[in-house]
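Going in written order, the chains are labelled A, B and C, and every chain counts its residues from 1.
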Amino acid sequence: MATHETVTPDRMTPGPTRAGDLLPPARSAFGRLREIAGLWLPALPLILVIALLLLAPALSLVIGSFRDASGFSIDPWIRVITRRGDQAAILTSLALGATVATLCTLVGAPVAWVISRMLPGRRAAWLALFTVAGNFGGIGLGFAYYAILGTVGMLTLAIQGVGIDWVPPRPSSFGGLVIGYLYTNVPLFVLLTIPSMGALRDDWWEAAQVASATRAQFWRRVGLPVLAPFIAAGWLLIFTWSIGIYGLAYALAGGGAAMTTPLITLRIGDILATDFTETWRANVLSVILMAIAILSLLAYRVTLRRAVRWFR
Amino acid sequence: MSSVSLRGVVKRYGSVTALDTVDLDVASGELVALLGPSGCGKTTLLRTVAGLERHDAGRVAIDDEDLSSVPTRSRPIGMVFQSYALFPNLTVRQNIAFPLEVRGRPAAEVRRRVDEMLDLCHLGIQADRYPNQISGGQAQRCALGRALAASPKVLLLDEPLSALDALVRVRLRDEIRRVQQQVRITTLYVTHDQAEAMAIADRVAVMNHGRIEQLDHPAAIYDDPSTPFSAAFVGSRNAVPVVVRDGEVRIGPARLPAPVGTAGTDRLVAYFRPEEVELSDDPEDLPVRVELVVFLGPVTRLHLDAELDGGPVRFHLDLPSRQAAAHPVGSLRRIRIDPSLVRLFPAATEVHP
Amino acid sequence: MSTAGRRILLGAIVVYLILPLVAVFLYSVATVWQSRILPDGYTLEHYVAVAVDPRVQGAVLRSLALAVLVTLIDIAIVVPAVFWARVRNPRIRPIIEVGAAIPFALPWVVIAFGIDRLVGEWAPSWQTTFPVLVLAQSAIAFPFFYWAVDGAMAATGIARLTEAAETCGARPIQILRRIVLPIIRTGVATGTVLVFAVSFGEFALARILVGSSYDTLPLWQAQALLRTDDQLNELAVTTVLSFLVLFALAAWLVARGRSSGASLAAGAQVGTPTEAPR
């Protein structure tokens, strides 16, 4: 009887069925389980990977940065923030990211504009070149630096060959890192911003002409205001990207003794490779890097929302 | 007031001849509609006047001043783009002020003039909205206001209503005409909609393949097409293939003298309107069978099958809708056509717009 | 911009982008290159040296295995999840989106460190093993696959097609195999190339997770570069070779048509402001 009673109301008021639901409305605990499985099972492996290999490690770092032998503590943070070497690494990483992003913007924005207005065939060729260059990074690119701008690099020899006494920036110096970083990041900036250059429609320039505006007037009053947020978004992306680069930095400035430019990523890698007693320091630095990246990415979102506000 | 004049204007894109020796004169204060199917060169003609395209040959002049070497920004024109091309980062007010500000007009004058334009285009409430916050019709009026703000001599409109839905379209069409007559500005108006062209224009230029086929007042274009293309494109005409026999053409009992220059057995096409076909009881007239009855609102169109010169022919006949019930599908009737309303053109140039 | 200015700008860019490739290539075929702009002589012996060096062989094979396994895993976990998110359970999507944002937002050094920490805490015997590297690489590379596949599904209106297939009586597995997979082939191809390229060349993850237990190609390259045992020519050879792999993959994609070369740009797709006006 009891069973009967519990079933009846179910029959009389069948649960809402969504169109396309594979399973009949749940009738029992087992049926409910099946329903949940039907909704989530195909995505389960990916969700597990995300949870265990991305979310959990990030969380564990954040939690770990607030612990020492005695339990919860902000001591590790204080010790990192107050230490010269770590401060230098943080500031240098920020400065490097900002410098690279700014230079990328100055070079990349005009290039992206010019390429976005090319005929499709030509544009495809340029995109291919930038794609290849943008993907040539890491150790291989670091090596190319030595081959070109090393003490016996191609360009060094060429310039000295014509009698100019020129010493190229050392790869591990700030300038050397900037040159190396620019190589992948300028193409990346161009590839990122070309689509948004399409936001500036050709008929606005025509309408401006009809309205008697000069080219300069058009850029100042319409072109730049429309594109600026997109370009700023590109800047933020390159900034985020740059401060997280490790392979290339390692190739250029990672050779232990040659390490003249401290960077957060290099500090982390170095500590993990050599000094197990300092892992907590790497942990705090990681969380700082994480925080910078997340903040800058949030700024990117906000900027992009601003950028598209005129188009919704 | 100013006039526009084009003489022998040619524009090519590679192998495509978009404008093929176009001659056109627009009188001062007149509105000429450029009417033709998509791809016939209407936009190109307009952009040539605006200086956004360089013509390859010929002369474009406003008030007899040759504009060939004058850049767009120095031409005395205003233009409404098909997409409106409103600057997205400027409000309605700022968009309308733009042509005045880039000309360096004093702020007070700009303000006064913008207010005038907002008034003229009924945009007072929307003045401080951005283009993505206003409706299509309002965007259209804003584009019109911007085009007129700097008091140009000539107004160019490229399918200004094509992005709007049918109801708004008719209202705005009359609106544009009102504004145009109020400021009495010389206007070129591009459209592919013949009803729109007829309704708004002082004269209509029918274009085809980069040429102006006919330029005349709407009524004349409607009643007296001078080319088979105009005949086929304007109005929905019957196009009935006929043959010249003994110096005349017969459609049932109706006889027309063959046009000069045609010989026996030449194939022609007879064009006439559905409302010009009459039902009759005369046993002499052409027997037809009702194949399809299409209700079009005020009128109902009968599709009628007949036999002419040994071949099957379909006629369209428009009736006031109240009378249509008497002619169901399958009924046999007779029709008659007034020969004076039929236009004959050689069959080779028959056109399906 | 004036035509001349444009020419100069683009010309300079081309030189800047091509020079490193040329330099590395010359290095790989140079006998000695010490004092002149171009090498003193040319030889293929470094290619031979690389081919017979067991350490390089091991490193290349390991990197290949890594890239292949990661690609297979990402196909297997991403396609069903995205398909399900699109046609059956939209609540899956935000989870994937958050997951996909992590490898983009967080430097991979940081993620690698976090994973290493967790593994050290929960399964110390797995630390520095190849399976952990494969899984970690699958996790950070999955967004590339996700963006490619999700874009393809959106572009072809997969939800509507699935509804149509359902009205024809098809079961989910049949729909996936007979409708979805064939339609999103291009997206899968793009995603495959992206994931493969990223995994083949990834340094940060390998360095943090593997340390010095064994080599992948980038690990070997880093050692060749920074240790002074004069393997620079061999390094040049491996750089040229991995570059050729990358180039071949890109060419294959372009030859398949439709997908623009741009999609290869690592991570470039993320949140790209492609919202077109109107």
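Annotations
Note that in this section a contact is a pair of C-beta atoms (placed from the backbone, for glycine too) under 8 Å apart; a residue touches a chain by one contact, two chains touch by 3 or more.
Here the structure is a predicted model, which is why all the values come from computation and not from measurement.
Listed by label, the chains that touch subunit A and also subunit C number zero. At the far end from subunit A, in terms of centres built from Cα atoms, lies B.
Subunit A and subunit C have centres, each the mean of its CA atoms, that are 15 Å apart. Once the centre of each chain is set as its mean CA position, subunit A and subunit B turn out to be 54 Å apart. In subunit C, the positions touching at least two other chains are 277.
Looking at subunit B, one finds that residues 88 touch two or more other chains. The residues of subunit A that reach two or more other chains are 201, 310-311, listed in rising order.
Across the complex, subunit A meets subunit B through its residues 201, 203-204, 206-214, 217, 221-222, 225-226, 310-312.
Touching subunit C in their complex are the following residues of subunit A: 20, 22, 38-40, 42-43, 45-47, 49-50, 52-58, 60-61, 64, 107, 110-111, 113-114, 124, 127-148, 152-155, 157-158, 161, 183, 186-188, 191-196, 198-199, 201, 230, 233, 237, 240-241, 243-247, 250-251, 254-256, 265, 268-269, 272-273, 282-283, 286, 289-290, 293-294, 297, 300-301, 304, 307-308, 310-311.
By the touch criterion stated above, subunit C contacts subunit A in their complex at residues 1, 6, 9-10, 13-14, 16-17, 19-21, 23-24, 26-27, 33-38, 76-78, 80-81, 83-85, 87-89, 91-92, 95-96, 98-99, 101-111, 113-118, 121, 135-136, 138-140, 142, 163, 166, 172, 197, 201-204, 207-208, 211, 218, 221-222, 225-226, 232, 235-236, 239, 242-243, 246-247, 250, 254, 260-262, 264-268, 270-278. Contact residues of subunit B toward subunit A in the complex are 50-52, 71-75, 77-79, 81, 83, 85-90, 98-99, 102-103, 130-132, 146-147, 150.
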